[in-house]
Every structure is written in structure tokens, then in C-alpha cells.
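One chain, chain A, links the two complexes that follow: it is found with chain B in the first and with chain C in the second.
Moving on, here comes the complex of A and B:
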């Protein structure tokens, strides 16, 4: 286990090595939150609430969704694809660890870095500028913590799945890009799931994406209360377990047919 | 002696598709593809004992890298058996890779953006090396390779020679019994090469580390390996002592004459009668090379006869280098050389 924890630390150091990325990230996220804040204000107009969310809940939703994204978001699918294309996986195979586990840990290192240097300070700044409601209830914070950890797991699993597909397609930039758009759209980052038409909501109930953004944000804004919270976390948990199967299956097949490219 | 590597009729086939030509061909490729099976390694067998340093050589595409990748467990063999360090590289991957060290000259194993010592620290955790063992062993390695001043620099800021020494140290961090080196000296200057060679000799003596070395630089092989395994088109064409290869193939010297006047083979041929020697034309005008056996009286006889019969402006005597021997073998194959 020590090696996996060490990897988190190393990734943390790598993030520090590229500070410019970090500063530009803060800027991009602030612009996004600002833009959505004004957009939603315009949509709400004078209305008290839409689909059960008040305007303050909505702004909180947007801010939290983006800040949580800083934690769960990572580019490990792209990294895996890159390493496969350049033949660097060869090096990973001669190390006594599980490659995908190591990649997950790198994602986690990145996530923890962004959470502590980016999301938390960012959230404080945003709350000074825009009216945002923080819940005082300890249980909400607790559930939110569990929910974002699970959202990290589900998002990372989807990334691993897309990344490992490179073994079969050799060039899957298109797939990676499509996945990114699908996640932004169907995870509830841009629009809460409850705003989608009924039939679309039903379809999304059978897909893992809302586990990524919609559920933690709804828990934080207290859009979910009582039994709904438990149900939502169970939904995340079930997907986190289900997704292990295709990843493991693809990984086993990929190892068998691995061809190291470039020498 | 203990067998570290035991390979029996190892084979690797790749299925590759060939594209049809032209636009019409490209459309047809969308639906059906022509596949052909290429054998990169064809039923090779060899064993390596503990403490041996073996040079693994062959032309580009001869199957060296493919077989190394099977030995290290990166690729799955199509057929045949591989036992390395008494294990099947595939079945017990994590346990197996802890017992080997690998350096790929063309691929970095260190993390690009972080300081070398951070990479070492991570690898120490990955290989579960206890602190005291690490300190004792690595202080020595760091000193021998002279990389102490480089440890706090990020890998991307190192020169190739510096990086390569760090790679080697990283591969030896867990003090493996077996070390695979895939072109470790590619693109390095003479001093760095020497340092690396001396270091490899030293660890081979100290820890009895078995080393399998692939390289295109034959001076590496001459400096380090007693035994060579030579591959051509996926098959082993020579497996034995380097010295024997030299004596079988490189017996003889070349005497290069620069004549002061126009000469041709008819004039020269009679000079070599009853001697174990023959002429080949040099690469410049009026330059002829006499290939002779390495015996004093033959050499002096040839020189004496040629000098007596012709005007000479220059004369050089070459010993056939290992490189030339290998080149001849590559060009002509093992049989008709």
C-alpha cells in the first residue's frame, strides 16, 4: 500500500512543478462559475424556484459542481492513451504494481492537490462575490464528503475504461473527447438532471454519469434530503462496483494482446 | 551452476494487416483486411547461468527487442517456455519483476517532472526496499556512477549521459539478480560509456549480477561480454564465446597498398601464388587490399613481393575488427561466410 500512497505524493509534487497550469485553472473556473451565475440569474428572472431549486440553491449548485469537478476531474484517460501510443506502458509492465491502480492514485494525488489549493480557497472567494448558502448541518458535510469520494471513483473508472480502450483502437482521441462532453452534459455539471425532460431522466437513471456531479452537488445544496440522500449514495456505490467488471475484463484482454509500439 | 534464464523454443508471431493501395483499396480495407502473420522470433532456445554477462546482438528487426520483452514479461509468447529467475514471467508478474532490473536506452523510466531523488524514493517504496539496505547499496551506486550532484534536479533538465546514469541507478535500486540492458549506451560519449562499463563490471563481480546486454555498439560487448548470442531474422545464428567468433571469422589481416601507378588484378594475382591470401579492390583508385592469414611469414612475404614488383606510395595493415566480423556475418549469413 505504501507505494500507492507514495505515488499520490509524487503526483502532488508534479502538480507543484507546473504552477502556471494551476493559476490558469483558477481563472478558467472563476470565469465559468461567473458566467453560469449570470446565466441562471437571467433564466430565473423573478421566479422563486424552478424544479424545486431556489435561485440561491442554484448558484450554490453551480459553484459546488465546479469546485467538486476540480477534485474528481483528471486526464488519466489521455495519459494512458499517450503512454500506450508512445510505448511507455512497457516500462509500467516491468514494475511490481498494478498499472491501473497506480494511475488511479495519480488521479487522486492530482485531485487532492486541486481540492486543497484550488477548490477550498476558490470556494471562499466565490462565496464572497456571489450569494451562496452553506449548510450548517454536519450530516450534510459528511454525506457530501462520501459523495465526492464516490464521484471521484466513478469518474476515474470511466476514464480508465476509455484509456484502456486505446489498447484496442490505438488512436482513440475521438472517444476521449466524446466522453468528456458526455460527462459534462449528463453528469449534471452544466444542467441539473432534474431540469431534463422526464424521458431523458429515466434514461439517465440507467447510466452512471449523474453519480459524478449531480449527486454530490444536490447533497451539498440540500436538494436531496432524508431518504433521497441514502438512495443517491447507494446509486453511486452500485455503479462504482459495477464498473470494476468491464475495466478488469478489458485489462486482462489488453495485457494478452499488448503490442508495444515503437521498438 | 544455476540457470537464470532458460528459454525453450520460444516463438512470437505478430498479426499485421497490410493496406491495399489506392483509394479503392482504402475503401476495401474498411470492410475486409488482409492479414499476414509475421514471426519476429522463431523457436529460439538458450540458457544463461548466474553471473554471466551475455551480449545479445543482431541487426535492427532481428527480434532482439521482442525476445527481451518476452523475457521481461511485457509480451506474451505465442509458444514455447520461458523461465527467468525460476519463474514464469507472466504467471507471477509482480513477484517476477521485483527480481529483475531493466534499462531501456530509448525510454525513460524516471518521472520526467520530478527530481531524481523523488523518483528513487518512489521506486524504493515500489520495490519495498528497507532503509538500511537502500542506504548501504545506493550510496555505493550513487558514488560509483557519480550522480550525487544530479539527485535534486528534475529529470527533464539532465543531459542524456546524466540521465542514463540515473536510469541505471534506478534499475539497480532493488539490487536485482538479473539485469536487462537494451541499448544502454546509445548516443553517449566515450567517457560516460566507460564509466557505465566499469560500473557494470563492478556490480557483476560484487553481486554476481547476471547481465543480458543488447547493443549495436560492439565495443560495449567486447569490453563486457565473454559470450554473445547473435540473432538474425528471429533465429539464433551464433551462441558462444566472443573470442571464438573472432578466431573463426577474424583470423587474418588486411594489408592495404596504395600503388603509385595503374595496376590491375592480372598483374597482382601472380604475386600471391602459393600464399593464403587474396586481393580485393580498395575504395580509391590504385588501392588494393590483400587479405592474408595472420602469420608472420605470410605477411612479410606478401609485402616483400608486392614492394619488389610495384611502386608503392602508402601501406597500411589492418586487423579485422569485431565490427567487421559482425558486419560480414550480417551481410553474408552464417553459412557461406
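Moving on, here comes the complex of A and C:
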């Protein structure tokens, strides 16, 4: 366990060396959220609410969705693909840790770094400029914390899955890009899932993607209340468990048919 | 002439490498199509909840999106150097580039070419034809020529912005998280700029002039005369921004110290 915590720490420190860049990042994020805010204002065009969300809730939703993304987002799929292509992964197999676990921990180190140096200060700045509502209820914050941890897990699992696929395709930049697009759309980052037509919502109920962005953002904006919150967390939890299976299966198969192209 | 020969040599080399990983190439084209579909879905879903976006109809917004895809495809094929910092500065690849007797930026563009992006031109024109038909737009004989200038102007604006951002790496060689974000900000140029407040409108027009890759040039084809001034500025902005970016790049290259091994 100790070695994994050390991995988180090392990645965190590595990111810390580049922290100045993140201040410019906050500015760009603010512009992004600002533009979204005006776009949604135009879409609402005087309507009080759409699908149960008011304009202010919508702005909060967008802001928190993008800030939470800084926490759960990582490039470990690209990193894994790169290490497989360069043949470095062969060495990783003989090291005394689980390669995928190590990648997850590095992602977590990055996430914790961005959360503390980017999301939290960014959220404070954005809330000074735009009308954003923070919940006063402690339970909302508690559920939100659980939800973003689970969203990190589900997103990382999907990244691991696409990363490990490189073993079978050798070059899977296309798949990685497709995955990113699908996640942006179906996770609820761009649009709350409740805005989609009914049939699309039903399809998405059977896919893991809304666990990534929609659920934590809805909990934060209090778009979900009461029983719906529990159900949403359960949804995330179930997917977090289910996704272990294909990852483990692919990993075992991949180890058997490893072909190192370089290194 | 020399540059043209080099260009075609790189293209043929590129084709060979791409055809080695056929499945991946297919996936890449598919993911491009998916990416284009996502934005269209966004527009369709949003207009499921409203009829007008500050005076612009659904078909007009779709038309703007179709137009945007064309310069964006050209940009994506040749100037998509978002990973310049990591690939060339951090890994020291820039040293190799600088030892060769061709302009450094030209070499990088050739190396990072992604010709399959050009499929976007077809998608974009298809979307424009679809929306244009529903809007009953008239096409004059000179419109294709205007279109060409607008598209090149837009592609140069995009290229200029990304080259400028890449040039920053010459001064500060650490990683930035700005690049992926830029794609998002680029999206806002596709919506009528009058929905934004003054600051964002100013940013989208003069600082990060993404509006010239979307709403301004499209306004000409949609017959929105109040925007004609900006529309005809598109090629000028393209040349100006691109020129400025190359100027900054050339200064930046002299500041390059080499970070890799």
C-alpha cells in the first residue's frame, strides 16, 4: 500500500513543479465557463426553467462539471498506449506492483494536484464573477465528495480499458479520441442528460458514462434530491465494480499475447 | 519549388505509414465523424428546448456549424500542433528539426500532418447544403470564390492561434493545460456573438478571433447584412494573425535552448 501512496505523492510533486501554468489555465477556464453562461442564457431566453433546472442551477452545473473534470480527467490511456508502443511495458511487468494500479495512482496524484491548485481556486474566482449557487447543506457536500471519487474511479477504469486495448490494436489513437468524444457527450459534461430526448436517456441509463459528470454535477446543484441521490451513487458504485471485470480479463489475455514492437 | 517537392514526399511517406495501421486510420476517421456529430447533437438537443437563439434559427446555427467544419478540417490536417511542447521541446526533438535546412515550422507541419481530417470538408459542405436548402439560400456565381477566401481566412486564423500558443513553449518549456481548452473556446465562435457580453465578444473577435471561423463569415452567406463588415474582414484577419504568429515563432526559435537529450 505504501508504495502506491508514494506514487501519488511523486506525481503530485511532479505536477507541482509546473504549477505556474495552472494560473493561466484558470483564466482560460473562466473564459470557457463565461461563454457557456451567456450561451445558456440565450438558450433559456427568459424561460424560468428547462427540465427542472433554473438558469442559475445551469450555470452552477456547467461550472462544477468543468471543475470536477479537472479532478477526474487524466491521460493515462495515452500514457499506457505510449508505453506499450515503445515497449516499456515489458519492464513494467517484472516490477513489484500492478501496472494498472500504478497508472491509477499516478492519475490520482494528478487529480489531487489539479483539485487543490486549479479547481478550488478556479471555482472561487468563477463564483465571484458569475451567479453560482453553493449548497449550504452538509449532506450535499458529503454526497458530492463521494460522487466525484466514484466518478474518478469510473473514468479511470474506462481509460485503463482503452489503454489496454493498445495490446490488441497496436496503434489506437483513433479509439482514444473516439472515447474522449463519447465521454464529453454522454457523461453530461456538455449537456445534462435530462435534456436529451427520452429514448436517448433510456439508452444512457444502461451505459456507465453518466457516472462521470452528470451525477456529481446534479448532486452539487441539488438537481437530485432525496432518494434520487442514493440511487445515483448506487449507479456509480455498481459500474465501478462491473468495470473491473473487462479490465482484468483484457489484462490477463494481453499479458499472454504481448508483442513488444520496440524498446 | 523545393518546398512543394518536400511536401509531396512527406505526403507519400505519410500515406505509407497510415496504411500500415488501417484499422486505426478507419477509427480515426470514425472518431472525427463522431466528433462532428457530437456538436450537431448539442445544437439539436438545445433547439429541442427553444426555437430561437437571440434571433437566429436552428437552421442558421446549423449552417454556421457546417461552415466552421471546413476551415477547421484544413486546420486539423496541417496545423494541429497542440502537442508541440511535449513532442518537440520536452523531448528535445526540436534539435533535430533545427539542424535541417528548411524552415522549422514547415518541417513540423509536415511531420504532424493528419490528412484524414480533410474528410471534414465533405461533412461541412454537406451540412451547409442541408441547412442552406432548408433556409432557401441563393447562391451567386461569385459565392464559391468568396467561400474559398473565407475558408482560407478562417483556417489561417485557427492556425495563427495554435502557432502562437505553440511558440509560448520557446519561452517557458513546461507543460501547459491550455491547448485542449482552446478547442472548447473555439466552439463559441460558432454562435452569434451578440449573445455574449462585451468582454467575451472582444476576446472572440480580436484576441482569440474564433468568431472569424464561424459566425462572421457565415453571416455573409446567410445574408445578415449587419455583420458584413466583420465578414469581409475574415481573410484580412487570417493573413494578419498567421503573419503575426510566424513572426513570433521566428523570434521564439532564436530563444530555444534545448531541453531534451
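We take it that the second predicted complex is superposed on the first by the 253 of 263 C-alpha atoms of A that agree within 3 Å, B and C clash if a C-alpha of one lies under 4 Å from a C-alpha of the other, contacts with A are read in each partner's own complex, and residues count from 1 in each chain.
By our rule, a contact is a pair of C-beta atoms (placed from the backbone, for glycine too) under 8 Å apart; a residue touches a chain by one contact, two chains touch by 3 or more.
Since the model is a prediction, treat every value here as computed from it, not as a measurement.
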{"item": "A:138 touches, of chain B and chain C: first, second, both or neither?", "value": "neither"}
{"item": "Contacts of A:256 with chain B and chain C, given as first, second, both or neither", "value": "first"}
{"item": "Chain B versus chain C as contact partner of A:17, first or second or both or neither", "value": "both"}
{"item": "Which of chain B and chain C A:182 touches, first, second, both or neither", "value": "second"}
{"item": "Which of chain B and chain C A:41 touches, first, second, both or neither", "value": "second"}
{"item": "Touched partner set for A:97, first chain B, second chain C, both or neither", "value": "first"}
{"item": "Greater chain A contact set [chain C / chain B]", "value": "C"}
{"item": "Which superposed partner A:124 touches (first chain B, second chain C, both, neither)", "value": "neither"}
{"item": "First (chain B), second (chain C), both or neither touched by A:3", "value": "first"}
{"item": "Footprint overlap on chain A, where chain B in one structure and chain C in the other make contact", "value": "17-18"}
{"item": "Contact footprint of chain B on chain A as seen in their complex", "value": "2-3, 6-7, 10, 13-14, 17-18, 87-88, 90-91, 93-97, 255-256, 258-260, 263"}
{"item": "Complex interface listing, chain C residues touching chain A", "value": "21, 23-31, 34-35, 38, 41-42, 45-46, 48-50, 52-54, 172, 174-178, 181-182, 184-185, 188, 191-192, 195-197, 199-200, 203-204"}
{"item": "Chain A to chain C touching residues, read off their complex", "value": "17-18, 20-22, 24-25, 28-29, 31-32, 34-35, 38-39, 41-45, 47, 50-51, 169-175, 177-178, 181-182, 184-185, 190-191, 195-197"}
{"item": "Chain A-touching residues of chain B, taken from the complex the two chains share", "value": "14, 65, 69, 72-76, 93-95, 97-98, 100, 102, 104, 106-109, 111, 113-114, 118-119, 121-122, 125-128, 154"}
